[in-house]
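After this come two complexes, each holding chain A, first together with chain B and then together with chain C.
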Partner chain A sequence: MADQTNNPIAFVADGNIPESPPPARETGVVKWLRENLFSGVANTILTVLSLILIYLLLKNTLPWIFNGVWNANSLAECREILAGKTGACFAVLAERWPQLIYGFKYPVDAYWRPNLAFILMLVAFAPVLFFDLPRKLLLFTAVYPFIAFWLIWGGSILVPLVALIGCVVAGGVFQKFGKNSFAAGFFGAIVVALVIWNIGGALIPESASENAWLSPVPSRDLGGFMLNMMLGVTCVSLSVPLGIALALGRQSNMPLIKWVCVIFIEFIRGVPLITLLFVASVMLAYFFPPDSTVDLFLRVVIMITMFSAAYIAEVIRGGLAALPRGQYEAADSLGLDYPQAMRLIILPQALKISIPGIVNVAVGLFKDTVLVSVISMFDLLGMIRGPILASTEWNGVYWELLGFASLLFFVVCYGISQYSQWLERRLATDHH
Partner chain B sequence: MSELAIEREIDRSKMQVSDEIAIDINGMNKWYGSFHVLRDINLTVNQGERIVIAGPSGSGKSTLIRCLNALEEHQQGSIVVDGIELSNDLKNIDKIRSEVGMVFQHFNLFPHLTILENCTLAPIWVRKTPKKEAEERAMHFLEKVKIPEQADKYPGQLSGGQQQRVAIARSLCMMPRIMLFDEPTSALDPEMIKEVLDTMIELAEEGMTMLCVTHEMGFARQVANRVIFMDAGQIVEQNEPEEFFNNPKSERTKLFLSQILGH
Partner chain C sequence: MSTMTDPPKSEFRLSMLINDTRYRSLTFQVIAAIVIALCIWYLGNNLIQNLRAAGLNISYSFLGDSAGYDINQRLVEYDSQSSHARAALVGLLNTLLVAFLACITATIFGVAAGVLRLSNNWLVSKLMAVYVEIFRNIPVLIWIIIIFTIMTAVLPAPSAFRGENPSSSMLFDAFAFTNRGAYIPRPEFANGLFSSTALNWLLVIAFLIGSWFATREIEKRATKKQEETGERPKTLLLKLGVWLVPFALLMLVMGLTWNIPELKRFNFSGGINVGGPLIALWFALSIYTGAFIAENVRAGIQAISKGQTEAAAALGLRQGRIMNLVVLPQALRVIIPPLISQYLNITKNSSLAIAVGYADITATLGGITLNQTGRAIECVLLLMLFYLTASLLISTVMNFYNASVKLKER
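Showing the complex of A and B:
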């Protein structure tokens, strides 16, 4: 054995090694290109193929877009202006813009009303979506549905007012009685609301809507992208709470509630949406009192809401199942009652896990609102397929119109998906 | 598990047992389906007692203490906690739960809330304590378990030992009269066990009524005034720690002690 000072294993650093820049080949654009695009024969071939594909795509679409004609009165006129060159006929968008957005029957001088409702919607959603904002703003969110209803449908302001009063009083009843018994509060609130709505409805004079500030617009005059937005926003807002209720009901210890929820979810998930929409358009009237002409818009909202609520319920059930039992036990052991445990401990975590799934359903639902064109409602797609493409001027302008529709939907859906990613990052508390 | 050396002197002056009965279990039986987990349990715990429950795995220790705050239902016999009989009445159950603190093996902190919020949640919602007061009390108990500086972090950012101390503070914020511990140190690394045990010893020194399922026999020797040995769902032996460790009566206890103390 060698002596101790020459021991090859023992080692003590005798100073700090100075910092030095990395070699040139390892930084910057060259390194990135080499690692990401040309890191082998196969990858190089794929890179080249992709470049060729992108080139071909752009070569054919760019002239079409940049040669586009924006000023013309018909497709024939577009063709004349283009004189044989490739080019789009965007003039249809310019000319039919109001129809694409608002439908073809909504009164032109009332366009400001849905516009205002849209802007107010952004304000109303802000405190829900970005919870760092002051909680007081939620008060506006609570009255927004009534304002929006009045703006879009117009008519007597008494109608949304009575509806609002009914909701407020019902909320008060629930607050007061729900503390002792959830069922008493819940059913008491429903009864009170129904009574107020009926009495209020009877008290509103028939002529109230004739000399109203805002001229009444019937539901069948709604259309265009506005209709898609209205359906999407209403149904998503309604189906998330309904989905939560269904998911909790499915977990319930009470067999009756449990089975009602299970059957509802399984039945709805087993039926195509389009079938439900047909049911809404022709059959649902049977379920309402014979003399009540329940609005088609409302019927469609009910169907789409039920449909997506069933899916959201299943997504949330997954989130609930992913929580360890210990969370329920800890909440119980601290003396929280069931509603408190759910609201403060279980749902915040389960919903956080479920965000990607819920967003998936929401995006799907929003796009599915175009299905209402099948039951002859004139939403964006209904407008394109119906009045616009059928007109003599614009017969045959498929790409421009459908491209425009895709763009509108894409913008909204991309926005939703970006928001959900932000939300997930914002809520991440486990590692950082 | 080895005996953990607890260096400091333990102040037994306040650890006095009063005559007041904290928990009274009478002829209690419990089944999981047809499996008889707890058999004819009779146990009376006075206010201020520190009881350690030991026994082999699957003997029903967890089940027993979980019955005390109705996390599990018992099917026969009676359990009276702090003068309130445990029945199916939800009001009674919530009342008892708010008087009885529980600390779990896996901490079960709420990961979406900060440490401070974990501690103030139940006082605010169950006891209706004003937020400011609840926060002051939470900081008081966090100081007591020696982690006030972590108050604004999330549970996921803390070590296991720190999390368990937060869990203890969270229970204490409800000002419970009885604390239940279910193997509070078994999920921890050895160096963290000591910090949690220290916290529990301090609690004992202040006269808290404690029921503790644990394999820390050092803790049992120094803090408990009674050790209960369970096997196959029944209480096999109970005695003062000195007698229990030095002079076990039943064969099953002897076998268990020889295994756990590694002789």
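Showing the complex of A and C:
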């Protein structure tokens, strides 16, 4: 002790030495580069290879895109304007825009109708997709299919009106009787709807559509990207309820119902969509009454709906299987009968689990709608491969057209999958 | 004294069919059976009436008739005089061929992209993410057409290989890539042990399978030795020998020669012609499905908790061995089931061959044969039957494999 006090202390630190800055290679951009791009020999090689790949891609595509010609009437004219430079001929998109979007037979003066139907579709989907919106908007969603049908196909307004009345009355019947017995309400609603549709159909005069306010457009005149959108939206909306029914049927403990559903699902999942489209185009007509004419669009919708319903059923079955048994038992112990238990307890949870899977099926289905070009319907791809590439003006502009089609599908499908990820985060009620 | 009353004699009332759970499911099933029977009767009745009106009947005798059309790409003997059944067989084999090839390459693409997407190289993982998103979000039919167009528009015509200073030349003087497809050398046996080529090839395959079993035996012995002594004997040379020596001997004995494609008047002849449609379909299916497999692989690897990797590292395993011995065996359990459905998807998507003119079963049986004979119902039914059988077979085989790698609990 004494020693220390006697020795004069040469240095006392009365503060911290100021921190020296970290080495240059451990900060900022350099650190990020070192860690993420050049952390080893192998990584450096990979980085360089990727850079070369990106450079080659950009070198070949950028001049092509930026030199693009937007105003020309044929490929030859495009080449004249380009005068030997590499460049795209986007003029084909500008000139054939209506054909790409609406097909080549849809009446030109009626283009506003699908446009309006498309905008209204966004409005109708909004409350379904974003449930913060007021619930009353769902009323419009319920009416939308009838409006859209009338807008796109035109003809007498009486047809969608009768269909709408049938649905409304059926809904009323279900509300009234469904409270006591689900089965009574359900089958009652179906019977009432059928009766109203038949009576209404008989009352509509044959000539009603001839001098209708919106001129009628036959189904075979639909085409272009509009056809893809219509097939996708219709079939997905129809196949979700059918898929739920099939999934419940497959889970049922009634052997007959169960096996019918199993066979249906496995059969549809075992064959490619294209064979089902062949069925729609060449075989299905044999199964309708001899004097009836069911148009190709409807036949295709039937087959695609069956196709996606089988896949959606499997997704929902996964959701049902993922629910703990306790949920089923809890529902039973509350004294709920089967429809109540399903509607109030099981399905809301099972569907929530199934949302990503259902969206995957929906995206896949939307992409698969281009297959209808194989059975000579003129959807977007059918238009490109048929009338446009075969025309003398535009024979040979593959990349612009195929690139445009790819872009359209990419935007829609990527958008849907991003929405589904948002929804998953939104619906997550468990805490991590 | 307690009096026991008999439970009320429940005589059967009609309302019990609906209200009593004992009978209700029976009632529903009877109703369902009646409804289904009515539907079938209605559809069948319509079918019979329509067929009668069109003067048709259901018969498969057309399969024996001469087909009268040519098929370029074929694995078995076929000419335009052959029957429709033979044409369907050619198509069937073509479907299996392209599906098999695409399954292999799609797995390679998918595993590579899936692993690279998890790489800690930022650029590479982003590139792979772009690849996956682009290919998953654009229809496969568009990809098939794009790649077919690239092949026909970018690759040189056979005539470009002609002349003193040809604008294109053959790779190693043996491979020619033209817009009509690729021409590659064909191995032939000068003095095969059997008279038929197929039997000779079977012999080669038998030798290879034998080598595979031998290598497995060597591995087993090495492991046994390692467990006894702690030292693993070096087996690389031995394995190479087991693969190469018998194979080389067999080739020598059978006199292997290569039939190299040569440029004749209009086109190449000799060698194997791998048609453009086949290459386009093969490549498009593999790269498209590869994007899906990449996502499955990524999900599978990410499903293995970090603790497993760290525990393996704590045991002193090297990076490669951690992947091989710890992560992959566990990840495979997660990856295999979705992989099976991707293989099924490839098989089903191969039916899009019809868009580029590859003669698969949809194009022969469901396309030309259907249009020539007008036998829509029979052709479509046969087509569906084939795909259904193929799907069921693939999923059965794969389910067996799945069961063998499944986690074995008590």
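Keep this in mind: the second predicted complex is superposed on the first by the 400 of 432 C-alpha atoms of A that agree within 3 Å, B and C clash if a C-alpha of one lies under 4 Å from a C-alpha of the other, contacts with A are read in each partner's own complex, and residues count from 1 in each chain.
The definition used in the following text is that contacts are C-beta pairs under 8 Å (C-beta built on N, C-alpha and C of every residue); 3 or more make two chains touch, one makes a residue touch a chain.
The structure presented is a predicted model; accordingly, all values stated were derived computationally and were not measured.
Asker: With chain A superposed, do chain B and chain C clash or fit?
Answerer: They fit side by side.
Asker: One more residue to check, A:R135. First (chain B), second (chain C), both or neither?
Answerer: A:R135 contacts neither chain B nor chain C.
Asker: Of the partners chain B and chain C, which touch A:L427 in the superposed model: first, second, both, neither?
Answerer: Once the two structures are laid over each other on A, A:L427 reaches chain B alone.
Asker: Of chain B and chain C, which one touches more residues of chain A?
Answerer: C
Asker: State whether A:M254 touches chain B only (first), chain C only (second), both chains, or neither.
Answerer: A:M254 sits against chain C, while chain B stays out of touch.
Asker: Considering only the touch criterion stated at the top, classify A:T47 as touching first (chain B), second (chain C), both, or neither.
Answerer: So A:T47 only meets chain C here.
Asker: Pick one for A:L336: touches chain B only (first), chain C only (second), both, or neither.
Answerer: So A:L336 only meets chain B here.
Asker: Closest pair of CA atoms, one in chain B and one in chain C, after superposing: how far apart in Å?
Answerer: Shortest inter-chain C-alpha distance (chain B to chain C): 5 Å.
Asker: Counting contacts the way the document defines them, which residues of chain A are shared by the two interfaces, the one with chain B and the one with chain C?
Answerer: In chain A, no position sits in both the chain B and chain C interfaces.
Asker: Considering only the defined contacts, which chain B positions touch chain A in the complex?
Answerer: Chain B reaches chain A through residues 69, 71, 90, 94-95, 97-98, 100-102, 104, 106-112, 121-122, 125-126, 154, 156-157, 170-171, 174.
Asker: Tell me, which parts of chain C touch chain A in their complex?
Answerer: So the residues of chain C touching chain A come out as 18, 25, 28-29, 32-33, 36, 43, 46-47, 49-51, 53, 119-124, 127, 133-134, 136-142, 145-146, 149, 153, 348-349, 351-352, 354-355, 362, 366, 370, 376-377, 380, 383-384, 387-388, 391-392.
Asker: Taking the complex as given, what residues does chain A use to touch chain B?
Answerer: 324, 326-327, 329-337, 340, 344-345, 348-349, 352, 427, 429-432
Asker: In the complex, go through chain A and note every residue touching chain C.
Answerer: Residue positions touching the partner: 35-37, 39, 43, 46-47, 50-51, 53-54, 183, 253-257, 260, 267, 269-275, 278-279, 282-283, 285-290, 363, 367-368, 370-371, 373-374, 381, 385, 398-399, 402, 405-406, 409-410, 413-414, 417.
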